[in-house]
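Common to both upcoming complexes is chain A, partnered first by chain B, then by chain C.
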Partner chain A sequence: MSRPGGAARGGAGMRLRGLTRKEFLQIVRDPSSIAIAFLMPIFLLVLFGYGVSLDAEHVPVAVVVEAPSPDSADFVAALRGSSSFSPRDMAGMAEAERALLLGEVRGIIRLRADFARRLRRPDGAAIQVIVDGVDANTARLVLGYAEGAWGTWLAARAAASGQTLTRPADLQARIWFNSELKSRNYLVPGLVAIIMTLIGALLTALVMAREWERGTMEALMVTPASMTEVLLGKLAAYFTLGTGGMLLTVGLAVWLFEVPLRGSFWLLWGCSSLFLLASLGMGLTISTLARSQFVAGEIAIIATFLPAFLLSGFIFDIGSMPPVVQAITHVVVARYFVAIVQTLFLAGDVWSVILPNAAALAVMAAIFLAITWKKSRKRLD
Partner chain B sequence: MTGDPVLVADGLGKAFRVGKRRVPALDGVSLGIAAGAVTGLIGPDGAGKTTFMRLAAGLLRPDAGSIRVLGLDASRDALAVQAALGYMPQRFGLYEDLTVQENLDLYADLQGVPAALRAGRYAELMHMTGLAPFTARLAGRLSGGMKQKLGLACTLVRAPRLLLLDEPTVGVDPVSRRELWAIIDRLVRAEGMSVLLSTAYLDEAERCAEVVLLHEGRVLDQGPPGRQSARVAGRTWAVTAPGRRNRDLQAELAGLDGVVDALVQGEHVRLVTRAEHLPEAVAQRPGLLAQPTPARFEDGFIDLLRARGAAPAAPAAEAPAPTPPAGDGVVIEVAGLKRRFGDFWAVAGLDFQIRRGEIFGLLGANGAGKTTTFRMLCGLLPASAGQLRVAGLDLRHAAAAARARIGYMSQKFSLYGNLSVTQNLDFFARIYGLAGTARRARLAWALAEFELAGYADQLSADLPLGYKQRLALACALMHEPEILFLDEPTSGVDPLARREFWQRINGLARRGVTVLVTTHFMEEAEYCDRLAIMAAGRILALDDPAAIKARARSPEHPEPGMEDAFIRLVEASAEATP
Partner chain C sequence: MWQRILALIQKEFLALLKDPKSRVVLIVPPLVQLLVFGYAASFDLKEIPYAVYDEDHGGAARTLLGHFQGAPSFHQVATLAGEAEIAPLVDTRTVLVVIHLGPRFGADLAAGRSAPVQVIVDGRNSNTAMIALNYVRSVVDRFNEDWIAGHGLTGPPARLATRAWFNPNLESRWFFIPGIVGMLTLVVTMLVTALTVAREREQGTFDQLLVTPLRMAEILIGKTVPGFVIGIAQATLILLVATLWFRVPMLGSLAAFYAGLALFLLSGVGAGLLISALSATQQQGLLGAFLFMVPAVILSGFATPIANMPPAVQFLTLFDPLRYFLVILRKVFLEGAGFAVLVDQFWPMALLGLVSLSLAAWLFRHRMY
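So, the complex of A and B:
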């Protein structure tokens, strides 16, 4: 390309340096990018680390003992000893049902008047468990825990009297990867994906739209800087910011929430970079469609943030979704990354999981960056 | 003017999609722009000025024809063209969260200015723009005029051969406007730069070496600015009639045979006639004094538009009701009015009274306190101190009742773009409590009076600018207010639409409606009966336009304009309060 004027001029390096420095200065001076990059991760971590738990602990249940006896007292004591329940004694079924209606308890455990008598008969005694099925997840947990507590109590009782309880098969459970069964251990790693989606897609779409809104894009376009350089300047700045958000989240996860990181940190870094490129690609693609901050923000939330939240396997298991929804999750970039982070944190460097997912991330990143590069022309029409 | 033209457009055409229609922005534009001079691209909003600038900068691709800049095709060799020219878009392209120095550094990097040359160039630019003391300040904290000068400095970090400035003087106070022109003149004289500058202010034409008149996407005329005034030489008059209001006189003269244009201009009515003598219809009228007056660019422009078939604006020829005698009762009364934001006094003590049927202007630069005053008068903002009575009601206690007697129209035409013309009118009628037959009658009146019937079902966003303005005024008048507030009502509107608009306003004033106008547009100031010139929250002068202009008279300036008077007053007050 001919350079009219002929005077010595700086080249692409100088332009790129200028653009990148500008982006960093804007990030530093703009409280909203700092908020999204650093305050949001902390807020989400605290929320999911402390606030949200998918485990049931100390579930309030009503206990109705129709005829108190040493046996029933022994069973209720066993219930009390478990961390799953916090039992509340009720005088009768009427009171227990009222408590269930008011939502004060999530279930009722009823020991009938003939409990002690039937316990000594060969066909054994039964307990009645009524659960509030509105929250299906908790209902299932209450049922399971109650059954478990009942079985344990019967076994202990049999052992104490020198008998063995005969059961057709004995279940010996071993829990792998998340042996404490803490939901925090798989929620917190998944948050890395959510936070990097926020920085990569939402923040990037917003700052590009801001350049259009304030008319600075028009001024950039008439400088010798090419569109590729403008995009590279943005990528460099927000890639750094996203990496910062990732390090912050991983650091807090490991040191504050004591989530084990069993895989390699460098592998995590590498996969995060791939995911970040894909997220930035999505953000930039959105900004070629929407030139106002409001619309760009809206599209970014609906097209990137919500799917990352709901369809990535971050909270809801993809395997238990209907087949159609499962098919849709394949276009959700975060899904591949959530699989990687959960594996890296809880299982370790399982290459058979990481390689295909990382390859999918690389393909997605390439597609979105290619769309952006193709769509961004130095023209306003 | 030397050498080949720096820019040549040939049969240039460009259309945009608005709603369902394709609206041509430029249609068959052919022109050449000379090197080493300032060329003005002059036309009202919507004439196609910005589209032309963007085509020249290679930001848009033409639908038809070609545009060559510095010997290169602007659409095919866009990068090469962009490397050679400087372009300042309407919003300057500044990063508000970067400092003055950081903005300069960014543009120096982008333009590839070698580090060794920077210090010298920066010093030169900062000296030229007077921004040297502010290099560490964030661009967002600069005043409008300073932002615009910084925008210019960023465009000039590497001296371009051709400088494109898209409406650089919009929204800038007269003092900054004058400084900007001084900078541009220097660039052309000292550095031999070629400048293409677009503007909607016709009075800026006279500062250009050459002028391209753009109207509705076509070139009306191109030539030295003197050519427009030469068209009407000997045909322009200053008419006065002792003892009568200029507004009545103007209404009387406007429709007469042989009159091309009649315009209130402060102390007299400016008349452009078809021939070089007064038409008989004018000469026969008793009590008129007509003095020949030098022709202006705008006179020639109007003559050109009329010659092309534009009908003279003559709205509803209602009988020229005699203006009620002056002093007929004070409608707006302001005493010791103050408003504070934090520790900043936006309005620092105003006193004035406005009488029924008067057109009163508040003239001042951005930040002078006009908008704050306006909001307090409309009852939208409580005053920090002072007395405020509108239509006999104290705004402290009866703001809502007072608002029902006020009509308000803003520069931004607060219409609902996705409602049709009728729906907008209906909405404004309803919120002012009109119902049933009264509302239907008023709706019919608005469609007829403002000639909007042909557009009744169009979305207001798709209306041409002049019609949007009519609709906005109609909406403000649905409830027949006694007082009309106008916020820069005609800036950027083409001169014919402006005349038509002021004819309507004059008609309202003659029927006893009190009109309050805020503006920083000198033309609009001339239409007022009395003016208050504001700076830093105070009134510097309050008088009729002729008396205000007379204050600036000096041996060097025997015939000062409103802008001269304004600048002189502002400078004098700046000296008085160091």
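So, the complex of A and C:
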């Protein structure tokens, strides 16, 4: 929108520098922007990196043995031998059920009185496993652990007595990229994406609205600076700040949490920059459309964190969602970055994952910035 | 005095609802989000994409693979002819699981030896990998049972008889939807409270409020009531959607639900007003809202159990009101709990609410700019 003519073009570089400098001064004067870029990533990453884990170890389970025998002792020893369980002996089902209801144990393993006798009959004995299904994921984990302990016990028994095989097809699993199935290795890269979404959107969600609300936008309008230059000035300042936050987060992930970075750092940098542009663009769009800081803040609270947390593939598998919801996830910017970051950290430079996602980020960034640019004309209304 | 408070409450409601954009933001997104998140939040896998690398081609191998083809949770996307084809498929996330049967699979089985089934799982998302592996294991177990029965072998001397209480099919949606109800209620209280005082500070109207005859307690009540009322209304709507649309069973008493909700709103509004009272600008208020909301959600035990957290972090969760509310929601919805079981969840929220509200009231007067 700058007027054609030599004078206007000649001053463009200087005006842009001036505007960027103004944004930096504003950032320095209200330290909350700096806190968003640097304090928030450290705080959130340390808290979640240490705090959040899906790996359950030493799950408390109640063990009810109704008639102790060498066989039952053998089985309980197998339970104790697994680090997944911390078994607690209970006198009877009534006590165990109470403990389960109070949440003191996650499951009950019960050997009935006829366990030893039925073991020697052709149809075999039943080992009753009861889990608290409210937390379905932990319940499934407990069932899996119980199955593991049971299998170990069976194999040991078979080996001891020279019996025929009990498992014709024997499952041998290999987990690629994260052989120990450490959930931190997948949660931390995902967190990098979530935190970056918050930084990007929070940094810019209020800036345009603030200028409108305080009337300084009108002051900017009477200067020779074009709206494009005003936007570029803001983008440059917050992009620099966001890049700092991004480097800090990646650094913490690699050095503090020792998540392997198998892909190239420069590729990560490039993708992060695209992502940062997209999420800064989202913030600017919110800010421009809302016009008031209060509404912009409300939209930022609603539109950034929960969608990025739940719809990005960070926690819940996108492929298992219903098709309509899968379609909706395509507008969540974090979705593309989560895919890139998980692949770059754990698998390496897999171009067929990175290129389409990076392209999607570029498109999202372009759309958001275009909306902002179109909606922020020099106009009073 | 009541007249003054009523006038103030009316003003607060106007400030929230006068702007049509703000009105829309308060009502529509939480409901839309419940619908979308309700479908998204599940650890159950559907149509796990897998590839088969069968070097055996015998009858036993075909039977085992037939078990996978028949399982609704699995969806075969490729048949491989060589080892080299595995890596590209897994790397690009085309498949989550590769099932590899060696050339001696059928021969081993026929000879009465254990035949290895090699399974490769993409571990980038370790939770998904673990769940997928459990699914694979149950399919292989079923094949083994059939094989033992069909070939007159003696089965294992003991088998597991498993049962899940309260949620027999282990549907994780039932676990998550009460959690989403709690999270969205928290978000709504943050929306209503976190920026109010900060906005008045920024615009200078808070100073005007302080020089009116209104007492601190009255200002506090005036600021608390809108968050409370809007929170109750939103939570009721969300509850209706959860039970009528998602058909999550509501076994417990509504009274226990609303008692828990009221205390949760008290502590949530308290936290929001405290953040707002600490902030000089709305930008700071927004930052504060996120610094509270994000940890509150992640440390609440919504997706990752509190029992898995290290002791220091478990201690931190004691200050998270959402932690208590989630326990109440899950127990009331799925276990049919009444008041007596929930007392331990009620009083910490009441305490958090009282402390944060008193601090906020004190800050109204003492933090000046």
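Going forward, the second predicted complex is superposed on the first by the 360 of 381 C-alpha atoms of A that agree within 3 Å, B and C clash if a C-alpha of one lies under 4 Å from a C-alpha of the other, contacts with A are read in each partner's own complex, and residues count from 1 in each chain.
Just so we're on the same page, contacts are C-beta pairs under 8 Å (C-beta built on N, C-alpha and C of every residue); 3 or more make two chains touch, one makes a residue touch a chain.
What you are looking at is a predicted structure, and each value in this text was computed from that prediction instead of being measured.
Peer 1: Regarding the shared-chain residue A:225, is it in contact with chain B (first), chain C (second), both, or neither?
Peer 2: first
Peer 1: Contacts for A:95 in the overlay, against chain B (first) and chain C (second): which applies, first, second, both or neither?
Peer 2: neither
Peer 1: Given the touch rule stated above, what does A:17 touch, chain B (first), chain C (second), both, or neither?
Peer 2: first
Peer 1: Which holds for A:30: it touches chain B only (first), chain C only (second), both, or neither?
Peer 2: both
Peer 1: Have a look at where A:66 lands relative to chain B and chain C in the superposition and call it first, second, both or neither.
Peer 2: A:66 sits against neither chain B nor chain C.
Peer 1: Going by the contact rule stated at the top, is it chain B or chain C that touches a larger number of residues on chain A?
Peer 2: More residues of chain A are touched by C.
Peer 1: Go through the superposed model and pick first if A:352 touches only chain B, second if only chain C, both, or neither.
Peer 2: Only chain C is touched by A:352; chain B is not.
Peer 1: Go through the superposed model and pick first if A:216 touches only chain B, second if only chain C, both, or neither.
Peer 2: first
Peer 1: What is the shared patch of chain A, the residues that chain B and chain C both contact?
Peer 2: Residues 30 of chain A touch both chain B and chain C.
Peer 1: List the residues on chain C that touch chain A in their complex, please.
Peer 2: Where chain C meets chain A, its residues are 19, 21-22, 25-26, 29-30, 33, 36-37, 39-47, 49, 64, 90-93, 96, 105, 109, 112-131, 133-134, 136-137, 140, 143-144, 147-148, 153-168, 170-172, 174-175, 183-184, 187, 190-191, 194-195, 199, 202, 281-287, 289-291, 293-295, 297-299, 303-305, 307-310, 312-313, 316, 330-331, 334-335.
Peer 1: If we count contacts the way the header does, which residues on chain A are in touch with chain C in the complex?
Peer 2: 30, 32-33, 35-36, 40, 43-44, 47-48, 50-57, 59, 75, 100-101, 115, 119-120, 122, 124-141, 143-144, 146-147, 150, 154, 157, 163-179, 181-183, 185-186, 198, 202, 205-206, 210, 290, 292-295, 297-303, 305-307, 309-311, 313, 315-317, 319-322, 324-325, 328-329, 339, 342-343, 346-348, 350, 352-353
Peer 1: Report the residues of chain A in contact with chain B in the complex, numbered from low to high.
Peer 2: The contact residues of chain A facing chain B are 1-5, 8-11, 14-15, 17-19, 21-22, 25-26, 29-30, 214-216, 218-226, 378-381.
Peer 1: Under the stated contact criterion, what part of chain B meets chain A in this complex?
Peer 2: Interface residues on the chain B side: 54, 57-61, 70, 72, 78-80, 82-85, 87-98, 102, 105-114, 138, 154, 158, 161.
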